[in-house]
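The structures come next, written out as C-alpha cells.
Two complexes are shown next, each including subunit A; its partner changes from subunit B in the first to subunit C in the second.
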Partner chain A sequence: MSIFAAAFGFGLVSMSVIALAAVGFTMQFGITNMINLAYGQVMIASAYVAYYLNRAGVTIWAGMIAGAVFGAVFSFLLNRLVYAPFQRKNTSLLGMVIVSLAISLMIANVLLPIVGYFSVSYQEHGGSLVRIGDIVLTNNQIVIIVLSVAIMLGIHALLRYTRLGKAMRATAANPTLARNCGIPTQRVIDMVWLITGALCGVAGVVAALNSDSFAIANGAGFLITALAAAVVGGAGQPYGAMIGAVVIGLVTELSAAAWSPEYKEVVAFALLVLVMVLRPQGLLAKRGALAAAG
Partner chain B sequence: MNTFYATNLLIYAGVDIIALLALNLQFGVSGIVNFSFIVFQSAGAYAAAVLSMPPDSNPDYSFQVYFGGFQLPFPLPWVGGALVGGLLAIPIGFVALRKLRSDYQAIALLVTSIIANEVINNARPFLNGAAGLALVPKPLQDQLDTQADYYPYLLIGLTAACVALVWFISARIVNSPYGRSLRAMRENELAATALGKNPVAMKMTIFVVGGTIAGLSGAILVGYLGVWAPSTWQYPETIILFAALIVGGRGNNLGAILGALLVPVGLEEVTRLMIRMNLGPPNLIPALEWVVIGLCILGFLWFRPEGVRPERRRVFEGSPDVELVESVRAT
Partner chain C sequence: MKTTHARMRIGTAACSLALLMLAACGGGSGTTGGGLGSGDLLVGVLAPFSGVDANLGPAYYAACLAAAPSINSNGGVGGRQVKCQQFDTRGEPADAAPAANQMVASNSNLMAVVGCTSDEASAVAPIVNGAHIPMFCMTGQSEFNKTKLPYFHRLVPADIYDAYAMVGWALYGPSPAPFHKAALVFGDDIGSQAFVEPATNAFTKLGGQVKNFPIKLGASSYRTEVTQVIQYQPDVIFTEAIGSAGTFLGEFKTLNSGKMIPIIGTSATIDPEWFAAVKGAIGVDDIVKYYGGVDLGYSFSGPAYAEFLTNLNAAASTFPQAPKYKQRGSTLHLYDGIIMSALAMVETNSKDPKVYNPKIKEIANGTSGATEVHTYKEGVDALKAGKSIRFVGAGGANTFDQYNNSVSGYILVKYNAAGDEVKVQDLTTAQTERISQAGGI
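The block that comes next holds the complex of A and B.
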C-alpha cells in the first residue's frame, strides 16, 4: 500500500508541474487560436537559462525567475515576429501548426550546438525530507506544489476578477466583437503571450528541477504531457487544463508505481487517445471557451 | 563519382520520391496533415526486415531479439512492408481522422509519432529496442552475389520500377474524379459533405493508400541499408518530407518529385559536402541543416505558399473566366 501512497505524493508534484505547463499552452490556444507546438522547446530553453545562471552560482529560485522572464520575452517576440504576421496573412489553422512545428525544430537545433546532447542537472539539494503519513517529499517538491497552487489561484483571479482577464475572455470568445466593443485586442494578445510565456518558462525550470536531469531531447516529452493535459480537459480552457493535469499527473505516477516508469508518457498518450475517441471536445467543453468557473 | 556514391544517391532519391508521392496524396491532395508519416515508412521497414530475416535463434542473428523471422524470398518482404503500412493506417486513422477537427488531427498524429518511437525504443523483445535491427538481408541475397558489379544496378532498377508504379497509381488517383472529390474536401470539407461526399471515408481510404506506399518506401530503404532503428525514424524526419512538399509544390506529383530532389536529396548532399570541409564544431552543420529546413518551410509559406511548381488550377470548359474567378477569390 505504501508504494501507492508514495506514488500519490509524486502524483501531487507531477500534476503541479503539468498544470503550470498545460495552463499556459491552453491559454495560448484558447485566446490567440494558436496551437504552439514550439512550447516544449521554449520550456527547455528556459530551463537552460536557469541552468547557466545556477552554474554561475545563482540559486535555482532566482534562476526560475530568469527563466520566466526569458520565456515571456521569447514567446512575445515569437508571436510578434512569426505567428502574428502569418495569422494576418490568413494562413490556415493547419498552416499555423506546420509553422509552429518548424519553429520548434529550429529552436531545438539552434540550442543544440550551444548546450550539447548531454544531460545536465541543477546544483541544488532537494532539501530535507518531509513525511506526511506514507507520503515522502523533499522540501523542493513541497515548494513546487505550493508555487503551482499559488499560480493557479493567480490565473483564476486574473481571469475572473480583473479587467484584463475579462478582456482576455472576450477576445477568446469573439475577437472581432471584442475589438468593436473597444477592447484593445492587440494589446490583450501581447499580454497573453507575455503571461503564458512566463508560465512556460516557470514550467520548464520546474519540470527540469523535478526530474533528476534534463537534456535537449526532453522538449518533445514536455510538449506531449502539456498537450495531453490540455486536450483531456478540453483545449483552450484553463480550468480544463488544470483538471487534465490532475488526471494525467495522478494516472501516470500511479501507473509508474504499478507497472513501469519507462511508460509514463505512453500512459498519458493512452489517456489522450481514450479522450479523443470518446469525448473529442475534452472533459470540460460544454462550458465554452474560457468561461469562468462557477 | 564512384558507383557506391551514385547508388546511394539514386536509391535515396527513389525512396524519397515514393514517400513524397504518398505524402502528396495525403497532405497535398486531401489536406490531411499526416505528422506520423514516418511511422508508416518505419512499419514497412520493420515488417520487411522481420519477413526477410531468419529467426533470432539463428547463431548469426542471436545478438538481437525480435519476433518472427520468416526468411521469405525477395518480393514478399516488400509486399509485406507495403501491406503492414496500409494495415497500420486503419487503427491510427480510426482514432485520428474520424471526429477530430483538422488541427487536432495533425496534433494527434504528431503525438502518435513521438509515442510510437518511444514504445519501440523501450520495448526490446519486440523489435530489438533502441539498438534496432541489423543484418537485414538484401533483396535476392541468396540467389545473387551482392558484391557483383551488376548488383547495385539491379537494386536501382527495382527501386525505379517501384517509383514508376507508385507514380502511375498516384497520377491515376490525382487525375480521376475521385481525386477531384479529394481536392474538393481539401478546399472546403463542409461544401464537399453537402454535395454528398463522405469526408471520413475519403480520408480513411487515402490514409490507407498513403500508408501502403509509405510502407513500400520503408521496405525498399531497409533492403538497401540493412539496418533499421528508432533513431532513424524520429518525428523530425516527417518534417523534412513536409518541407520538401511545401518547397516542391503541394497537390501535384511533379511538385512532389521536385521537392524530393531539392530538399531531402539536395540538402543532404550539400550538408555532406560541408561536413567534409570541416566547417565549425562537429554538431554545428547537422544542426544548421535542420534550421535551414525550418527556414525553408517558413520562407515558402510566406513568400510562395504554392511551391516551386504550383498545382495547376483545373477549370472546366465553359466555366467563368479564370481571372474573373481569381479576382472574386481575392476579394
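The block that comes next holds the complex of A and C.
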C-alpha cells in the first residue's frame, strides 16, 4: 500500500470536514464583520446534540440534521442576544473578538458539567471499508465527502444565483449602501447566522463522526483548523475558505506521510505563515464570492 | 503625560482591586493560636479539570472527597474540618503556574496539595515547594526521581517503571505473549514520551523490535499515523494516549479491516474514562480480549479500602462521578497522602508544614516498633496512646526513598466487561530486575 495514496484519501476527508467548518466561519466574518471565536464550541455542542439523539436510537444522519438545526438556532440567538447589541454600540473589532472568546469559554464551561470531560463515540462510527486503489475510506467518510461537495455547490448557488445570496454580497460589501438600496440587511444578517450556524452544526457532527471518539476539549481544535483554512483562503471569502480547506487538509496528511506525523501541524501552520507573508490578504481576497457584486 | 497619569491611576486601582479580591478569597478561616490552630483546612486539588487531560483532575478530586470525611468524622485535625477545592491547571504549564500561585497566595489554610500531573508538575512543584506545602504529585517524570524539593512526594512510580512493567507484560505475560514487535503510541509531549526510551532500551535488549509512533494528543484524526503503524505490522501496541486513545484505536481497528491486535497500557490507562472512550471506539469485546495493563499491586480489600470505598460512594451526592474511581490507583494513593498529612499534623501537633512535612515520610515508612494503622481513626487513637505509627492505607504500604519517591511491585491486569480491573499475574522481582538492567536508565 502506498502511504501517500492513503494519506491523500485521508486528506480528502479532512478537507471535506474543514471546508464545512471554514466556509461557515468565514461567511460570518465576511458578511457580519464578526470573528466568532465561539464557533468551535457551537460545533462541539451540535456534535453532542447528535450524540444524545444517536444514543436514543436515532440514526447519526438524522442526528446531523438535528445538530444543524441546533447550530442554526443557537448561532441566530447568539448574534441577536449578544453580538448584535455590542455591534450596535460600535464595539471595536478587537472588543467583539474578546466578547466571542468570553462566549466560547462560557459555552465550554456550561457544557462541561452536562456532557462530562470524557470521550464518547457515535454508535455508527467507522462503517465498512471501501478501497479505491491504495485509498482506503469508510462508507461514512465517502458520505462526508459527497455531503461536503454538495453543500459547497449549494453555497455557490446561494451566493451567485439567488436574491438572498446577492443581498448577502451587497451587505458584505457595504451594509449602509445596501440598506439605503432597500435591502433588509437585518433580515439578511439573521439569515446569514441561521445558514452559517447550520453549517457549523453539520461540521461539528461530521468532524465528530470522522474522529471515532470526541470530547468537549475538541472544540478548540475545531476552531483553530477552521480559522487557519479561512485565513489561508482570505478572511471573509467562502471560496477562499474552500481552497484553504483543501490546502490545510491535504498538506497535513501528506506531510505526515512524508515526514513525521509530529510535524504535520507545524507544516500546515508554516504554510499559513508563508501565505501571510507573501499574500497577507489571503489567496482569494480580491476575487471572492463576497466581493462587491459587479 | 495626562494619559500616563490616568493609566497609572487605573493600574493602581486595578492592583488595589486585585489585592482586595485576594484578601477576600484568602482562606476564609482564622488560624489563631498555636498547635493545630482553628478554622477549616484546605486540600488543593491542583490538576487539569479542562483541556485534553480533563479526565485526570476529577480522579484526584474524588480522592480528596473520600479522605475528608475520614478525617472530619473522627474529630478533624485537632477539630479543624478538611475541605477540598479544585484548582484547574488546564493541563498546560502556562495556565498551571498562575493557578498554583493563586492557590498558595489566597489560601493560608492549605494543609496539602494533590494532583500535579506530568502536564504541569515541573511548573507547579517549585511554587508549592516554595510555599512549604506538602504535595502528592501524580507525575512519572524522571526529573523527580532525585528531586531536591522536600515538600514533593510521589506515591506512584516513575514512568520508567511503568515502561519496564509494560515490557514485562510483553515478555512474561500470559498468552498470546510473548510479543516480539511493538509499536509505541504515546503523545508527543515530553511527559508521554518519557515512556519511550526505557521501553525501547529494555525491549530491544531483550530481543524485541520496537518503533515509536508519537501522536499529537487531542487531534481529531490519526489515520495517516494509524496506516504507518499498520504497515509496521506490530504484534502489540504499547500505549497511553490519554484523551486520544479512543480515536487512535478506533481508527486502527477500522483501517486494519476490523481487527484489533493486543494493546498494553500504562497504569494511567486503568481509568474509567479511558475504558469508556476505548470501549466506545472498538467495542467492549475487543477491549476485554486485547487489552492488557500494568498496575501497582492493589488488594482492593481490607479496612482502609473499605472506608475509602464507603466514603467514595457517599461522595456521589456532591460529585456523581466519584464512585467510578473505586479502582483507580491514583485516587487510592492521593486518599492515603491526604490522610498521612493529617496524621502528621496530629502527631506533631502543628499546623506548620515545616514541622509536620518530615513526619509524613516517617508515618508512611514507619519506624522500628511502629503500630500499623489503616484508617485516620486508628492512627489518631494510636497517637493518643503514645505509639508511633505506620500508615498502610487504601493503596497499600508505602516506602519513600530519600527523594520522597515510593515504589512498590507491579501486577499485570486486564479489564472485565464492566470496566473493572482484573489481576492476571504478578511481575516477579527477578523479572523486574532483568528488565530494569536491560533498560539501563
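FYI, the second predicted complex is superposed on the first by the 277 of 294 C-alpha atoms of A that agree within 3 Å, B and C clash if a C-alpha of one lies under 4 Å from a C-alpha of the other, contacts with A are read in each partner's own complex, and residues count from 1 in each chain.
Keep this in mind: a residue touches a chain if its C-beta (ideal position, glycine included) is under 8 Å from a C-beta of that chain, and two chains touch if they have at least 3 such contacts.
The model shown is predicted, which means the values in this text are computed figures rather than measured ones.
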item: Fit-or-clash call for subunit B and subunit C when the two complexes are aligned on subunit A; value: clash
item: Partner chain(s) touched by A:61 [first = subunit B, second = subunit C, both, neither]; value: neither
item: Contacts of A:112 with subunit B and subunit C, given as first, second, both or neither; value: both
item: First, second, both or neither for A:129, with subunit B first and subunit C second; value: second
item: Subunit B versus subunit C as contact partner of A:82, first or second or both or neither; value: first
item: Contacts of A:98 with subunit B and subunit C, given as first, second, both or neither; value: first
item: Which superposed partner A:211 touches (first subunit B, second subunit C, both, neither); value: second
item: Partner chain in contact with A:10 - subunit B first, subunit C second, else both or neither; value: second
item: Touching partner for A:224 - first (subunit B), second (subunit C), both, neither; value: first
item: Subunit B versus subunit C as contact partner of A:269, first or second or both or neither; value: first
item: Subunit B region in steric overlap with subunit C, selected from 128-136, 164-172, 200-208 or 290-298; value: 128-136
item: Doubly contacted subunit A residues - partners subunit C and subunit B; value: 108-109, 112, 116-117, 221, 262, 265
item: Interface residues, subunit A side, partner subunit B - complex; value: 35, 37, 82, 85-86, 89, 91, 93-99, 101-103, 105-106, 108-110, 112-113, 116-117, 220-221, 224, 227-228, 231, 235, 262-263, 265-266, 269, 272-273, 276-277, 280
item: Residue ranges of subunit C in contact with subunit A within the complex; value: 49-52, 54-55, 58, 188, 213-216, 218-225, 227-228, 231, 243-247, 250-251, 253-255, 257, 273, 276-277, 280-281, 321
item: Residues of subunit B defined as touching subunit A within the complex; value: 31, 33, 35, 95-96, 99-100, 102-104, 106-108, 110-112, 114-115, 118-119, 122, 235-236, 239, 242-243, 246, 281, 283-284, 287-291, 293-295, 297-298, 301-302, 305
item: Partner subunit C, residues of subunit A touching it in the complex; value: 1, 3, 6-7, 10, 13-14, 17, 108-109, 112, 116-121, 125-127, 129, 136, 138, 207, 210-218, 221-222, 225, 253, 256-257, 260-262, 264-265
